[in-house]
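After this come two complexes, each holding chain A, first together with chain B and then together with chain C.
== the complex of A and B ==
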């Protein structure tokens, strides 16, 4: 072992020498940018359409050239970034940061504070709640919101019509429709409870009024095992126990097959759902429709968020000013936002630019002309929610605990899973040295 | 030159005897059960390949809706779509993989040959200790080393470069171990003595006499290492951030992990998987003879 490492060190030293001697073909490192020549920025992202959007910027700004490095979606890229931050080199200049990951990244000192380098009135372009998720309630700004993911209910309008079902407006009605549908055709389900998608469940809990983390003075508080989340878990546990809702995870080949053959008739999803449906079940085009989320109280307009990201500058970037200039253009100007919608079909967080950019419904929902009007209404109802510094732990606890609960198929198991999530999250915060208010 | 010609007869009888044994066995009638079990094994191994082959002919809609083994006609469309994805980045990944596996494999062979030959034919202090440590290295999975290697390379600023994948691939404890076995078995001491008596320096003895005798063994080392690098996922996954440097494994997995808000590109991944095993299959079919003969030879001699 020891020799092994020693040999490798020798190899590294040798290679460094080779690089120094000018044999470093192919390395596109970000080191040593010359004073003259354009500033080169690397951008880790997995959002669709980023390359085309960046190409527009690059064409207009020869002095600030951005290179997109497409990453695996979600957690892997964040893990990679955290590793690079710890190692002291290898991080990009710009990073796509999902809102729920920002506290984790800030706690790891991975993001640069942009409050001095962003235009002052930029904050006015975003909803207060959205802007707060990049400031975390402080004076610092850790990124600029790019898109958001307000949740809606997507359903197969053709099957609803064929079976004479009403679109549910409350969760009680949702449960009834789920039962009617499953009774009428036992192969069909109105939805599935996915133990793989913690972000999805978080959105449902958010709609019910949960906020899983909070700051109390100098301490974090964890509030997962509380009334709203318990209500959501018990409701879904009941539906799964009854057997009228499927218990298989989403984003699996089986789920794709079920979308194609019409055995998944509804999907509680977010504004980006058309793209996923189009990719997974292209032949069902024109058969889907979108409606606001079912409500806990009839007449409410509450919803949660699933997905949505900001764009941040990493603490390793040597050009935060230029990077901020690029972000402000991409996420906070009419031109940039138009590009985000045109190339990536994102749902922009920039409210000022939204109207012009979202004139047409997405192609997969072309028959629903008021698609983005409904979306804008639902987006108003996104409930406040605070994320903590160990979202990853809470989410993996969700996967483990609800994985067991969906196998057990009882409402009690669902409640126990919520309790276990709370314990795992609090324990981890304490182990990591945060003070936790109880 | 005299030493060269004299060396060949010494090596030949050994190989011929290794090649003769199967001929004698072939004369016997194959018994039913072993054949049946082997056929089952072959089916088990080949079925996934067949699945990939069939699935890659289906369109995105058909993939999840038609019968598993019913082929369709969209193979060419799928290849076109995959090639068009982000200006043909798939072919860049293919070229990267060929570079990592080809160059990494060759460099690894050179290091293995030198180290193995040195360990087999020279006496020096700490020889058995070094060999034992290398043997222990065979037992340590590369995955375990990936993170320390990342931190190490990050210190010299080499992460996210071609070097970050190539350098760790060069040293293969298993390759050194194999090379030592082959060197011990196929390079007779007498020949080396003769060469030295004729005035050849050690470097020349190694390059002109020992290396040619070790070639079949080194092909095996090359194949092992080539396949290992071709299939390696963890190391490049950790080392690389720039998707233009990705090998196929990391690139294709990225097409599946698009995040919740985008569909996974199943058809492109399946088509990509099919295309990515073709070079390996070709390599195996062309170099298979070396592989078989030398595994047998190594086994007999060791």
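== the complex of A and C ==
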């Protein structure tokens, strides 16, 4: 991504401000830590196993004590953070930031630039695409990647075997298997199209080659209503219209029950799926298997991302230096990454530490010895994707428009939903005064 | 004797100070008494409303890519937030939905509340205390909890109703589908609201002097006749009050659809006007247009409530004034 003057200037200004703040804070902090005891940092997160990971750090670092403040989940936590930023106080020092939220948070001036306080060679530990999502292509660094969510296909191996179904390798095969399965047993579905999970659909569009936002010169471009996304929408609309794929949202008590009793036979999900299945469908232990995503072209290895977060320091933190030290340990050292995997079963973004930390398959998939080998292969195929400053608007438009489309159950309605998402997203950018390339 | 002496030595001060002190006290006293209420009113009502009105006239302008600090600026927006709110088809649609919701909910709720109140008041009703408490109890359940409970009952796969219907071979219906979702939400409001309104009406019924009933019975009125000709006209003011409360609550419906939303495709993020305000403020991070929509809703509530009161006042309270 090219670097532009406006962004450069912004980055330089931010960096200078940080330096000034860093110097002031540093000298104060040095004097303070002796007199007032340890630096106290608060950390808003909803990732599993964070308390245990932080406990390890706290035991080893009496001078920098981190307190985990468990959050409900991505959207409410971000809402709380944005409100605190607007109010001028009340934000934590450290914040779990999902990749798609980072541009929004940077635009709201909620995140501190860590480029001067992080170890210099830290960037080398991450895939370029992952690192770009915390820099937004600028010189600033708005967080350190913690985990990523490359998507795979999860399916009930026992039911596939029982019904003599082949694991689909292309989307054409997926459609055939969905039909075979639903014909063999009308109570069963190979999956559901969820109008509540915009991140899931984004991942599917990403696999097909979509990138919904982009930077052209000093303007944003929005490219939701384009060929790859239309292709994905039409495909799923067709399956829902045919009735071979369910149209109920995911993450409802009903969906959990369907996973648990074998009515939902497959799930297009991401690397963190084992944890969700373990929690929501405990009766199915040992019955699932994971395979790479079905492909649009046979032989490809493309996939998308669903989920994954970085850890950032907020612009209200008075101790960015100490906060950065903690983040670098947690997300970018063998010790920290081992803890993330051990306690939270996260799929670490740190490639250097990944190998050692992921030696064993997750407990819920203990019969699939090559689980993390397949995962590592699929992770290579994550397609580039740029998020924009109003992901929240596009996502809420997704909820509303695809809610209507899944109820209508026609492929045309799915295409109309994509078009409506594009309009809502562009209108919002223009209305806020962003310059938008047509 | 002593009275003349002091007057000579210290002539004016006592005479002039004495009467003035109580006068000043008299002028200060009302303000002192009013101060706590005025302070609370200013801090927690007037100021927030003023701030909301201020915000509704502002907006944020972003320059270029909008990244980094200093790229956003708050500026005056005039009435553009208002014109956008009033011209937004989603807002108008949400108003339409809520109007229909109110048409379904309010008459049913008040009708049931009145019926239960009359039944409880009727002479022959047994286990009065128990019936009263069990009808009132749902009102004590927070609406979020109530919506979760009903949500579980509505979801076909986890609903016991569905299970029973299926085992008996009865047809089942998906109450969360787009045709009936409005009734499903209204049902939660009904479940929670009947008890409260019933208590209000029942209390009014209890205040009716027994002589009226005696006189009516002497004239040969039946229980039903007494209810229709005496009880209902006398509790009319309570009915108006409960109608007003229900109308305001309808305009502000939020918790039930918001809680049910993740369970179904049929509730949009702008299902009710307040949901749209919430989405604009907290999902879209546009607190300014959310403030404008809130002001519009507040004004509409005000106009509707007072319009309704003016309309019914003369008729309903006429008998009280003679």
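We take it that the second predicted complex is superposed on the first by the 402 of 438 C-alpha atoms of A that agree within 3 Å, B and C clash if a C-alpha of one lies under 4 Å from a C-alpha of the other, contacts with A are read in each partner's own complex, and residues count from 1 in each chain.
One rule holds in what follows: a contact is a pair of C-beta atoms (placed from the backbone, for glycine too) under 8 Å apart; a residue touches a chain by one contact, two chains touch by 3 or more.
Source: prediction; values computed, not measured.
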Who does A:149 touch here: chain B (first), chain C (second), both, or neither? first
- [ ] Give one of first, second, both or neither to describe whether A:138 is in contact with chain B, with chain C, with both, or with none.
- [x] second
Exercise. Of the two partner chains, chain B (first) and chain C (second), which one does A:257 touch, if any: first, second, both, or neither?
Worked result: both
According to the stated criteria, A:197 is in contact with first (chain B), second (chain C), both, or neither; which is it? first
State whether A:220 touches chain B only (first), chain C only (second), both chains, or neither. second
| query | Taking the superposition as given, does A:88 touch the first partner, chain B, the second, chain C, both, or neither? | reply | first
Contacts of A:393 with chain B and chain C, given as first, second, both or neither: second
In the overlay, answer first, second, both or neither for which of chain B and chain C A:71 touches. first
Chain A contact set shared between chain B and chain C covers 4, 7, 11, 13, 83, 86, 251, 253, 257
Within their complex, chain A touches chain C through residues 4, 6-7, 10-11, 13-14, 17, 75, 79, 82-83, 86, 103-104, 106-109, 136, 138, 140, 195-196, 215, 218-220, 247-249, 251-254, 257-258, 263, 315, 389-390, 392-393, 396, 399-400, 402-404, 406-407, 428, 431-435
Residue positions on chain A within touch of chain B in the complex are 1-5, 7-9, 11-13, 15-16, 19, 24-29, 31, 42, 44, 46, 48, 51, 67, 69-74, 76, 80, 83-84, 86-90, 92, 149, 197, 199-200, 251, 253, 256-257, 259-261, 270, 272, 275-283, 306-307
The chain B residues in contact with chain A across the complex are 60-61, 63-65, 86, 130, 133-134, 136-137, 140, 145, 147-163, 167-168, 170-171, 173, 238, 241-245, 253-254, 257-266
Given the complex, residues on chain C that touch chain A span 60-72, 84, 151-152, 155-158, 177-178, 262-270, 279, 282-287
